[in-house]
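Labels run A, B, C and D following the written order; every chain starts at residue 1.
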Amino acid sequence: MANIVVKKLERTPIDETPVEIVERKGIGHPDSICDGIAESVSVALCKMYKEKLGVVLHHNTDQVELVGGYAYPKLGGGCMINPIYVLLSGRATAEVLDKETGKIVKLPVNTTAVNAAREYLKKALRNIDLEKDVVVDCRIGQGSVDLVEVFDRKRSEIPHANDTSFGVGHAPLSTTEKIVLETEKLLNSAELKAIVPGVGEDIKVMGLREGKKITLTIAMAVVDKYADSLEEYEKVKEMAHKKVVENAQKYLNGHELEVFINTADDEECIFLTVTGTSAEMGDDGSVGRGNRANGLITPFRPMSMEATSGKNPINHIGKIYNILSNIIASDVAELEEVKECQIRILSQIGKPITEPKILSIEVIPENGFTLDDVTKKATEVAEKWLDNIQNVTEKIVEGKVTTF
Amino acid sequence: MANIVVKKLERTPIDETPVEIVERKGIGHPDSICDGIAESVSVALCKMYKEKLGVVLHHNTDQVELVGGYAYPKLGGGCMINPIYVLLSGRATAEVLDKETGKIVKLPVNTTAVNAAREYLKKALRNIDLEKDVVVDCRIGQGSVDLVEVFDRKRSEIPHANDTSFGVGHAPLSTTEKIVLETEKLLNSAELKAIVPGVGEDIKVMGLREGKKITLTIAMAVVDKYADSLEEYEKVKEMAHKKVVENAQKYLNGHELEVFINTADDEECIFLTVTGTSAEMGDDGSVGRGNRANGLITPFRPMSMEATSGKNPINHIGKIYNILSNIIASDVAELEEVKECQIRILSQIGKPITEPKILSIEVIPENGFTLDDVTKKATEVAEKWLDNIQNVTEKIVEGKVTTF
Amino acid sequence: MANIVVKKLERTPIDETPVEIVERKGIGHPDSICDGIAESVSVALCKMYKEKLGVVLHHNTDQVELVGGYAYPKLGGGCMINPIYVLLSGRATAEVLDKETGKIVKLPVNTTAVNAAREYLKKALRNIDLEKDVVVDCRIGQGSVDLVEVFDRKRSEIPHANDTSFGVGHAPLSTTEKIVLETEKLLNSAELKAIVPGVGEDIKVMGLREGKKITLTIAMAVVDKYADSLEEYEKVKEMAHKKVVENAQKYLNGHELEVFINTADDEECIFLTVTGTSAEMGDDGSVGRGNRANGLITPFRPMSMEATSGKNPINHIGKIYNILSNIIASDVAELEEVKECQIRILSQIGKPITEPKILSIEVIPENGFTLDDVTKKATEVAEKWLDNIQNVTEKIVEGKVTTF
Amino acid sequence: MANIVVKKLERTPIDETPVEIVERKGIGHPDSICDGIAESVSVALCKMYKEKLGVVLHHNTDQVELVGGYAYPKLGGGCMINPIYVLLSGRATAEVLDKETGKIVKLPVNTTAVNAAREYLKKALRNIDLEKDVVVDCRIGQGSVDLVEVFDRKRSEIPHANDTSFGVGHAPLSTTEKIVLETEKLLNSAELKAIVPGVGEDIKVMGLREGKKITLTIAMAVVDKYADSLEEYEKVKEMAHKKVVENAQKYLNGHELEVFINTADDEECIFLTVTGTSAEMGDDGSVGRGNRANGLITPFRPMSMEATSGKNPINHIGKIYNILSNIIASDVAELEEVKECQIRILSQIGKPITEPKILSIEVIPENGFTLDDVTKKATEVAEKWLDNIQNVTEKIVEGKVTTF
C-alpha cells in the first residue's frame, strides 16, 4: 500500500504573494530544441522496440548537446555559415540475445535516433534547411550489461524504481504562469505564424509579477527573410505585441499587464535570425536545463532538477514521478474543496513504481473548507493514478505527453 | 540605488518541517565532472585573456557533454574498453582586432580549453588514465559578433547584465543539508582516500529527513583494483560507512541517523568500477543538471535552473547573482537577529550588475527579534556586497569559488 | 616557353606484354564515395565563391573520411543499425576582408560543403536514406593565412604552381583497361539498374590479363530488398554476368574473356547489402586511395599518388597536371603516327602553371613511323593545351571533369 | 606449389634513364603521421589480442584522418590556437564469444588504439604538447560478423588471402631513391636534432634526376622556439643544408647534386611552425596517400595503391605482399648475377597466402649474365620467403617492419 500523506500547504496562495517570477523557453530555444529531440528519440525508440520485440527496452536518451552554428542574418534573407551540430548521446539497449537462435541481435538504435531527431527538427523549426544547416551526430551507447538484464527480466511485472529520486508538481497554474505559458504557445502557434510568418520559434518569455502587475519580457527571434527592412522588423514585433496583449486578456484575472519584446534591440543589434533560432549563432543547448515537466521554470515553487525529456517511460522515476505529480496535482486541484495543491512523490530504488516511499499531497483548501474535507478525496485521486501508472507510461510511449 | 527589500520569510524554520530531501552529486558523478570541467575551462580562459590582453573577454563554456565509455570492472582490477568522450562546447571570443596593426589576432581558446579539461580530470579522478580512458574533444565557437563588441566596449566600466535573470541563495544550511554536503566531502577527501583508497569519486548522497530522523542513501563507486574479492569490496563499504557515521556526529544536532551505502548491490551487481566513476560505463553527464551553486540539490527550497559552472564571471547574471545570493545569505544569517535567510536577486538586462531590479531578503528572525530589528543591518550587508561585486568576480576568475 | 620534350617510350606496347593488372573501384565503393564527395564539395565551393565574389578562392577539400556503419542485410530487405559517418575536412578560405567596409566577411563554406556532400550521396547511392543512414559531419578549416593572401593577390594573373609536383597520363587505354572501365560503367548505368535493380553501386572490377586471356573478378554488392531469396540473389548475379559479357564483346579485340562475380560467396556469406555499398558494414573509405584521375588503378603503368578529387582547380598541380596529362595523352594518341603515349608534367613551385619545369611526351610510334614524325605534332598538342590550361580549370569548376 | 615466374625486365637500368622523380614525405608530414599512427594502432592491437587470447584477431586500422589545427608560429616561440584533430577509424574485432562461459567478451580495442596513437605522436613529434595541441578521437567499429568468423576459424592454419590484390617491390634503390631516403632519415635523426634542434619533423624531400644531375627540393618545417630571429631561421636552414650535402656524398655515385631548402620562403612567408609539422596549420593528412611500403613515392616505378600501414598482418594481401615483394626483391638483388629486380605478387582470394596466383620476378641481369643464370636462384629465394611468410607476419606484429 502506498504511503499517501495529505497535509496543509503552509504558504500564502501563490497569486497573493508579493513577487513571482516565471519563465518559459519556447520550442525554438536551444535548450528546448534539445529537450524536444531527446523526447522524440525516446518515443521513436519505444516504437522501434515494440515493433521488433513487443516490449520497450531500457534506454535513457536524455543527453543531447547542441553546439550553435554561425549565421549571417540579413534583412531580406541571409545564410548560415557553419551548421548547428547536434550530438545525440545517452544509452539504449542495442543488443539482445535471441534465445531461439542463440545469436546476438542488434537493434537499429542509432539510425532510429538520428531519424527521430531530424524529423523533430523539421517539424519544430520551419525555416531551417536540414540538408545544410544542421549536422545530427550520434554516440548513443549500450548501457551497462547488468542494468539491461534487470530490465529485461522484469518486463511482465510492474517496473521497479530505477533510483531513489522524486517528482514534484503543482496545480492550478498561477495567473502569471498561465500567461507565460499561453504567450509562448500563441507565438509558436500555426495560426499566428500564418499571419506573422516573421516570428521565429526561439521565444523566451520571462514573467515578473509584483503585486497585481505582471511584466512580460519577451526575447523573440525574427526570421530575416520575412523582414526586408528595419521597418518590417519593427512591424513583426508590433504585430506580435498586439496579439500577445489580446491573448493575455483571457487570463489576466484583474492583473495589470505590460509587455516588452526584444528590449535589448538597439541600432547595432536586433534579434534577427536566418532560421528562427539563436542556435544558428553560437547559442548552445542541452537537455534538462530549461522548462520543467509542466513547461515552466518557477523558482518560487519547488522544482525537480531531473531532466524529464528523453528518460525511459518505464521505470525512470525522474520522468514518471514528475509527470505523475503534475497529473495528480491537476486532478486534486479540480476538487471543489481545493484552492491550491502541491504533490511530491519519493521513490524507493528497487521497489515497484506503484509503491513510492511517500506520496505527499499538500493543499490550501478553498475558503470554507478544511483539510479534513479534502483528505479522503485527494487520497483517492492519488491511489487511482498509482493504480493506473502504466497508462501514464503508455501515453508517454505514444508521444502524447509534453515533457518540457 | 539598488532596490533592496527585506521581508519576512513565510514558512516554518526548515529543520522543523516534517519532510526534507537533499541531494549532492559528488565530484566524480558524470554531471559534476561536467560542471567541474566547465568551470575549469572558464577559469583557464579568464587567465589566458588576462595574460594576453589584460581583460577577461566574453565567453560561456557552460556546455560540456560527457558520453559514457564502456568498462570491464573486475575484482582485483579490470580495464576500460571504450574511452569516455567529453565534448567541450559553448562559446568564447577567439578573435580580436589589434587596433595598432589592423590585423585580426586569434586567441588560443581551444587549446587552452582542452588543456584545462584534461588537467581538471587528472585532479578530480585519481584512477583514470588520461592517455587512454578519455577523449577530450572541443567545438567551442566564436560568439555572435555583436555580443563580442558590446562586451569589449564596456570593459572599463561596471559590466551590464547580460540577461533578465535571477539568482537565489539561502543560509544557514539545514542539518540535513550540512550532513549531506559534509558526507560527500569526507568521502572525497584526501584523508579518507589515504585510508580507504577503494572509495571512488562517484558518490551520490541522498538525504531524507522525516521529522527528526535522517536517512542517508549513498551510491558509492568502488575502485576495482583496491578490492581483490567480494569481502574486500564489502570492507570498503564498511569502512566508508563507519567514517560517514563518525563524521556526521558533528552535525547531527539531536537527529537520529541511518546510513545506507550501495543498497542496490546484489549477487549479480555491485557498484564496482575501474576508474571510480560510472562515466566509464555508459553514464552520461552534462553541465547544470546536478548541484546548484551551493553544492546541493534542495527541492524544498527555491532553486535556480541556471548552470553556474562555466558561465563568464563578468556579466553573466545566472552565475554572478546565484553566487552573490549565497554569499549575502551567509552574511545575513550570521547576524544574531537572524535565524534563517533567503535571497533573490533579479537583474535588468542592460543595466549595471550593481543595480538589480530587486534584491529581496527574506528572513525568519531569531526568537525575540522582529523584522524591524533586522532590516537595516541586512540591507547594509547587501549594499556592501553589491558595491564589492567585482571582488566576487575576481575570486571566481582566480578559481576560488566553488560553483557546484 | 615551356620545356617540352618528346622521347621514345622504351617498352613493349602494353597489349603485347605478358601480364597486366587493372582495377576500378565503382562509384559505390567506400573510397570512391569519398572521392566523389570531395570533388562535389570542391565544385560547390567554386560555385559559391564565384557567386559571392566573382573568383574562386583557395581550398583543398580532398580530405573525406568515411567510417563504415553497421547493417543487417536480409533477403527481402534488412535495415541499417548504425549510420555511416562521413567527416568532411580539408581547408577552404572562409573569411575575406571586405575592403570597402573594412569588415571581415565570413563565407558559407561549411554549410555549402555539407549540402554538396548530401546531394552527392543521394545521387550516387540510390538505396540509401539520408535521413537516417548517414551522418555528414564537417571540420573544414581555414587555411594558413599566408597562403590565402598569396592566392588572393594573384587572382587576375596566371596562377602559380602551389608545389613542386607532377602529373602523369597515358593513352590510349589498353584492352584490359577499357574492359574494366566499361564494365563498371555498365553495371552502374541507369539502363542496367532499370533492368536489374538489385545491382548495388559498390562494384570493384579487377582485370587480369595473361597473354591473350582476360579474367574479370567482380565484387558486386546486391541490394537486399530486390532479392527475396537466394535464388533471386543468384539471378541478379547471372543477369549482371550476362550483361557484362555481352558488353565486353565491343572491346575484346581478339582476347578471350572470363568473368567471375562474387567468387567469395559461400553458404554462410554472400555480398548482400541494405544500401548497395559495403560502407554500411564497417568498410571505411578515404579520398585518393582508389582510382587515379583516369578512373583506373594501373600498377603496370606510371601512376601519381596525388589525390585529384577535392583539390582546388586553380593552382593545385597534383590535380591540374594529372588531368592535363590525360587530356594531352589522349590528343597525342589520336595522331595517326602514334601507337601509345605517356605524358609526365613536372611543376616548379611558384612559377606560372603554364610553365612546367618539364613536360615529357613519350611515344611508341605506329608501325612505319619514327619519333621524328611525331615530335612536332605532339609538341604542338602540348603547347595548345598549356595555352588553354584555364579552360581545363573552367571545366573542372563546372563539374564536367571526372577525377576518379 | 606457387606459380613463380622469372622474366627479363624490359627497360633501361633505372640510373641510366634520362629523368627520374622520387619523393619522400618525412615522419612529421601529415600523411606520414597518419601512416605512423595507423601502423602503431595495428601493432598495439596485435599485442593486446595476443595477451588476451593468444592469437591476433581481425582488424584493419588503416583509416586515420588528421584534421589540421590552427597555429600562431612566431620567431622565438608561438602557440597553437586550435588543436589538431585525429580520428581513428577502421575496424577491429571487439567482441568474442567465450565458449566456456557462453558470454560475449568485449576487448579494449578503442582504449588500446587511443593509447597507441598518443604514444606514437609523443615519440614522432618532439615539440608537440599532447595535453593541449592534439585531440585523438576514435570511431573504430566492429567488422562484419561473417568476416570475423572466417578469421577465427582459420587461426591455426595458413591464413587465406582476404582479397584479390597484389604487391610490388623493387631493388636495389636507385641513386636518387637512396639519396632522397637518406636525406630525410638524416634530417629526422636524433643526431641531427641534437645539433640543430630547430629542424622540425615535417620534411618533404623531392628528388629530380635529369641525366647525371640530381636536384633535391626540400620543404622543411622549422620550430619557432629554436629560432629567435630571421637570421637564426636562416641559420637552421644553412646548417641543415650543409649536413644534407655532406651526407649525400656517400650515395652520389658520380652524380652532381644541388639542394634547395624552403625555396618558397619570401619576406612574408617562411616555413615556421610551433610544433615542427604543418598539421598544426590546416594541413590535413590520411593514411596511404604518402610513401609506399619502401618509404618512397616513385612514379617512374610500378606502385601499389594499397595503404600498407594499419592493415592486419595476418591475411591482408595489400600489406603482406607489398612488404614481401620488397623483401624478396632485396634478396634477389643481392645475387651477383642480378643488376635490378622487380617483384609482383598477385593473390587469389580465399587461397592460402603461401600460394599466390602469380609471383613474378623481373630482372635485369648483371653484365655477363643471362636470365637463365638467374632463374633458379631467384626462384629459390622466392620459395624460401613464401615458406617463411609467417615470420614476416611475426616481425610486423612486433613492430619491426617499416611500412611507410
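Simple rule for what comes next: contacts are C-beta pairs under 8 Å (C-beta built on N, C-alpha and C of every residue); 3 or more make two chains touch, one makes a residue touch a chain.
Note that the structure is predicted; figures quoted are calculated from it, not measured.
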For this session: Using only the C-alpha atoms, find the rotation that maps subunit A onto subunit D and quote its angle between 0 and 180 degrees, to the nearest 5.
Result: 180
Seminar exercise, completed: Of all chains, the one whose CA centroid lies most distant from that of subunit A is D
Problem set entry | Centre-of-Cα separation between subunit C and subunit B, whole angstrom | 54
Exercise. Rounded to the nearest whole Å, what is the centre-to-centre distance of subunit C and subunit D, using the mean of the C-alpha atoms as each centre?
Worked result: 24
Problem set entry | Interface hub residues of subunit A, defined as touching at least two other chains | 70, 82, 85
Exercise. Tell me, which parts of subunit D touch subunit B in their complex?
Worked result: 70, 72, 79-83, 85, 94, 106-112, 114-115, 118-119, 129, 131-133, 135-138
Seminar exercise, completed: Per the touch rule above, subunit C residues touching subunit D in the complex are 7, 10-12, 18-19, 21, 63, 65, 67-70, 82, 85, 87, 89-91, 139, 141-144, 146-147, 149-150, 164-166, 168, 206, 208, 210, 217, 263-264, 268-269, 281-290, 297, 299-300, 302-305, 307, 344, 346, 349-350, 357-358, 360
